[in-house]
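What follows is chain A paired twice: with chain B in the first complex and chain C in the second.
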Partner chain A sequence: MTDATQTRHVPDRLNSRAARIFKSWEALLLAVAIAIFVINSFASPYFLSAWNLSDATFNFTEKAMIAFAMALLIISGEIDLSVASIIALASTAMGLALQYGAGTTELVIIGLTVGVLCGAFNGFFVTVLGLPSIVVTIGTMSLFRGISFIILGDDAFRGYPSSFSWFGQGYIYWVFTVEMLLFVIIAIIYGVLLHKTNFGRTVYAIGNNPTGALFSGIRVQRVKFILFLLTGLMSGIAAVCLTSRLGSTRPSIATGMELEVVTMVVLGGVNILGGSGTIPGVVIAAFVMGLVTFGLGLLNVPGIVMSIFIGLLLIGVIALPRLWAMAAARRKS
Partner chain B sequence: MTRFIPVRETILGGAILVLLLLISSRFAGFVAPSNLANVFNDTAPLIILALGQMVVILTRCIDLSVAANLALTGMAVAMINVAMPGLPIPVIIAIAVLLGALMGAINGVLVWKLAIPPIVVTLGTMTIFRGIIFLISDGKWVNSHEMSPAFTDFPRMVLLGLPVLSWAAIITIILFGIMMARTQFGRSIFAVGGNPHAAVYTGIDVGKTQFWAFVASGALAGLTGYLWVSRFAVAYVDIAGGFELEVVAACVIGGISIAGGVGSVGGAVLGAIFLGVVKNALPVVNISPFWQLAISGSAILIAVAFNARAGRTKGRIILKEAEATQ
Partner chain C sequence: MSVLKKLAASAAMAAATFATPVFAQDDVRIAIVVKALGIGFFEAAAEGAEEAAAELGNVEIIYTGPTDTTAEGQIEVINALIAQQVDAIAISANDTDALVPALQRAMQRGITVISWDSGVAPEGRQLHLNPSSNPLIGNMIIKLAADHLPDGGEVALLSATTTSTNQNIWIDEMMAVMGDYPGIDVVATVYGDDLADKSYREATGLMQSYPDLDAIIAPTSVGIVAAAQAVVDAGKVGEVNVTGLGLPSEMAGAIESGASQSFAIWNPIDLGYSATMLAYELSQNGVEATSGAEVPMGRMGSLTLDENSEGAMADPFVYDASNIDQFKSIF
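And then the complex of A and B:
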């Protein structure tokens, strides 16, 4: 029995459906998101503008795409710290292909393929060799970005075709960007995958009790391998979007993004020890982080200071419920 | 026999020797004693940090905030030095160690009292510490001409043929060797990592031991913070960026099991020296320094695969907390 399972409120089945929804982590998070939205619109006159808000979504769409896959991975009890480095490697591969005259279609295919291959590489070490995912992905975090550095040095790839810029800079309709559309589609896919399919149930089962899952006939290692593949694929998609948006590739691209992705997942109510969490939670967490960084940006807070908030948010969202539970326990005794 | 000749350390030591032989076959100057002393001196910060990280990893935790801790302490002592150039070096070192220990204690309290997974805590504090450097320094650099000569000369001072920086590493190795093997705290670290349940029944407070492990790691990061800033005679927000990975790499290569409970001072030191030799050999054998990152990444993967084969225990979900915290 870990502390985490005791302190996290497990909804009682006897509660009514409405009460359950009302008391959930997601409801609390939604309230926070609305509060931040209101505070922001008072703090800066530039906040409530459709175009500014549209720009703000770039703060989280790419990260959130990865966060959905990462949520499943963390629910299953593993973690992938190499996602930002996968972006760097996929982006470098695309830049390299560009030098050999690849068109937009080839670039996208290469980006996604490299992402999947990196995921498979992580998955191989974790599921086939049975190594702890945290060490493996700390290793591949250096390795993948290291390969980018070997290829690029302190150089950069530029000159992506204009049709390629559609992914990161294009608009579907009015202020709605291509990335937003991708974000919504991916959110729905992962929501259905986790909450409505057999596969989703096995992910929870593995996270709660891997041995039990194995004995009930779930191919634990295969499911985990697929989850690493998915995380790699999403990093590939994020690499396409980010490269397209920036229009260039440097080996230092997306540095530190793994932290923000993990923060987003944890903020979304996914138990870092595995076993519980929801996709709607991650969606709201993405909005919360996007709004916070955008609001601070409008107030001219530099990026590195924003990272203090992200760090505090990460520790705070886990610490506060535990402090709350400790205080409640003390009151009872 | 294996009691006296630990297999893992012997293999790693052998690998380092082979590496040195390979390099010396083409560049004899690399293995000259004076150059080896330089390599050791260059690796000293990594050795010191690896020892702190070892203690943390042995208790089933991980400290990803060491490099940020180092950078923050370094910036703090550099700014103190600029403000008060007359402050004697021992006082500066004491401040650095205490400040580092304080940051380690913050990590430790969150892990001990709130039972937050160490990886989450230290990922968070890593960014917070980096952000604080920006806040206190306003993003500015502290350059060598602003620092007092005593401040920058100390780690370079030669005692008995070796610079103080090297001696700092040697003293830390000896202290930690004694601590791990001969003190109650050292043994309880192994007990906590090896089997937290059993540790509780033998009267060891698991959370408290983890707390002190973080304090030790933080204190060493603080010490290294001063040594680093004074050696390179510059302090800015990004110093030692990503160095925490190299520190974890040194530990993993040195055979310290990320699952806790298995590892040795010798392993951590050899792991750090291995990375140090590779790093210093790259420019000599004419390979671009951009290879460094990929090489240490590969070294982590090879080492962890190798070590897992050597001592496979039953599977354990990563991030799972020590089970007996209450």
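And then the complex of A and C:
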């Protein structure tokens, strides 16, 4: 103890780095992921196959792309519940452009642009007009999908060019899909953005204390606006992938995906009230959700049981550390 | 410690899954994939599939489907079935087109794919089994309403989702024969999304918007029950007749109360039975699903395929007070 004062080293945390990592949320999640992987390998003879695992990644790659941007948004104290509807609108816009002869490049540009515009729309109401993001995005959730329904009705856009199917059905090498590559690239970008840049630090600062952040010279509203743009952009990318994978567009595309994205983020250890969370946590949470749904699917477990299991997993992983802390506190007193 | 607890919980789950019977690999595994689990109609179809499996002897039925009626959910199920190398997939699709890439992959890996009830686009399956012919159903649903309205009247439609393949076709076919029913006006079409609460609200809304409404036609087993309940709750039994397509077990109360005079449905047990038989024929007996082919389906006779490799199983059957008691315990 005396050494620390002599070297004038002021520790910024009480536990050692190793202990902190070992006790961290990510370690817990990783253990869960490994456990699920091992259990699945024993439970089904089909689980440990490169192609099957490759197929399984489709269960989470698109959702995870949005989850990274959503994680930043939730850390900053906001939320975007319109992401699945942005996918529907972006996909519908691409389908509409297809009717006018757009090629693959144009389709991708249109999909991403619509995503960013939707993000800007949300961002405007939240940051310029100062409305609560949960209210704004519940509204735009209906609005964006509503526009898709008006354009498409009960019809579908189909006939996307074969080169467009590369995004959702293509393979880079052997079993490694294009979506996997995108997932990895996006994870790295967001990991660096959140954990290694000033921008990332401002996101945490805003989530912990927006007023304090403002008086520290952080342009709070501008940062939040950028986060909405990023969430929109990611929804646009997910729309390109999902549309490409399905090979068609209906207004019901990606229904209910927003809740799965938020589940993934919260499971990844992001505080739903803002202020804390990590990208590695979200990455592991994506794998946990993908492995659970695929593993249970291989056992032909009914979907409703799967939902129950995901729900229990979420509540369990969130409640256990809290219960543990309470038990520890009681023991001390 | 929480890690340990979690592991213990997961281990318990693993033990539970090990307890399920290990599949015999020699069996022919036929997957019956439905729009969503927990719908009476599909449970009855699964019963029919089991009947066919018992008749064939060496068949294992995998009855599965997503939680809610989405194409994405069904694709996850299809991926899991491809991974298990099942012999055949017989699917009632949530989306005509979106399932095509996933089902094509299944066919590339040697799996027989057929659709039944709600179809997949021709390039995504080998054949499609229609429970009945669409024109006959379209005619039947309006006939059921018109039979009780000799002097004409106002009717409204309560459908499933705007993207439901078969409901949309039936409604189109119904509209095509409206000329045969003079005096009957279709005043509105609303969508209950195959959710009981939403269907109920939509049906209540119809009665408020159209006070002179004489009948609600719901060509969906979820919607018709909700509409009948809405009529009872609104005290309009005898004024508004609920009809369409429904399950006898779920509609028995509505027939008794008089909220519904009659309704129609094919026999879902026969449908699941036929789908299983067809999947077996294609997968094991090398039958080619080509235009004009006659594929045998056990006690249901044979299915004659048209140029789209589609065929109709049988005519819809009308249920009313005279026969509901006999059928309500079956499905």
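What to note about this one:
The definition used in the following text is that the second predicted complex is superposed on the first by the 316 of 333 C-alpha atoms of A that agree within 3 Å, B and C clash if a C-alpha of one lies under 4 Å from a C-alpha of the other, contacts with A are read in each partner's own complex, and residues count from 1 in each chain.
The rule is simple: a contact is a pair of C-beta atoms (placed from the backbone, for glycine too) under 8 Å apart; a residue touches a chain by one contact, two chains touch by 3 or more.
These figures come from a predicted structure and were not determined experimentally.
Once the two complexes are overlaid through chain A, chain B and chain C clash, as defined at the top of the document.
Within the superposed three-chain model, A:I150 lies in touch with chain B and out of touch with chain C [touch as defined at top]. Once the two complexes are overlaid on the shared chain, A:L229 sits clear of chain B and of chain C alike. In the superposition on chain A, no contact is made by A:L107 with either chain B or chain C.
When both complexes are overlaid on chain A, the residue A:I318 reaches chain B alone and has no touch with chain C. Contact with chain B, but none with chain C, is seen for A:T140 once the two complexes are overlaid on the shared chain. Look at A:S49: by the touch rule set out above, it reaches chain C but stays clear of chain B. When the two complexes are overlaid on their common chain A, residue A:L131 makes contact with chain B while staying clear of chain C.
Touch criterion met: A:S307 reaches chain B and chain C at once. Overlap of the chain B and chain C interfaces on chain A comprises residues 149, 153, 256, 302, 304, 306-307, 323.
The part of chain C that touches chain A in the complex is made up of residues 1-3, 5-7, 9-11, 13-14, 17-18, 20, 36-38, 62-68, 70-73, 75-77, 79-80, 82-85, 95-98, 100-101, 161-164, 168. For chain B in complex with chain A, the residues that touch the partner chain are 62, 110, 114-117, 119-121, 123-128, 130-132, 134-135, 139, 237, 245, 248-249, 252, 258-259, 288, 290-298, 300-301, 304-305, 308, 312, 315-321, 323, 325-326.
The touching residues of chain A, when paired with chain B in their complex, are 1-4, 77-79, 125, 129-136, 138-147, 149-150, 153, 210, 256, 259, 262-263, 266, 272-274, 302, 304-308, 310-312, 314-315, 318-319, 322-323. Interface residues of chain A, counted against chain C in their complex, comprise 27-28, 31-32, 35-36, 39, 42-44, 46-47, 49, 51-52, 55-56, 58-59, 149, 153-154, 156, 158, 165, 168-169, 242, 245-248, 250-257, 293-294, 297-304, 306-307, 309, 316-317, 320-321, 323-324.
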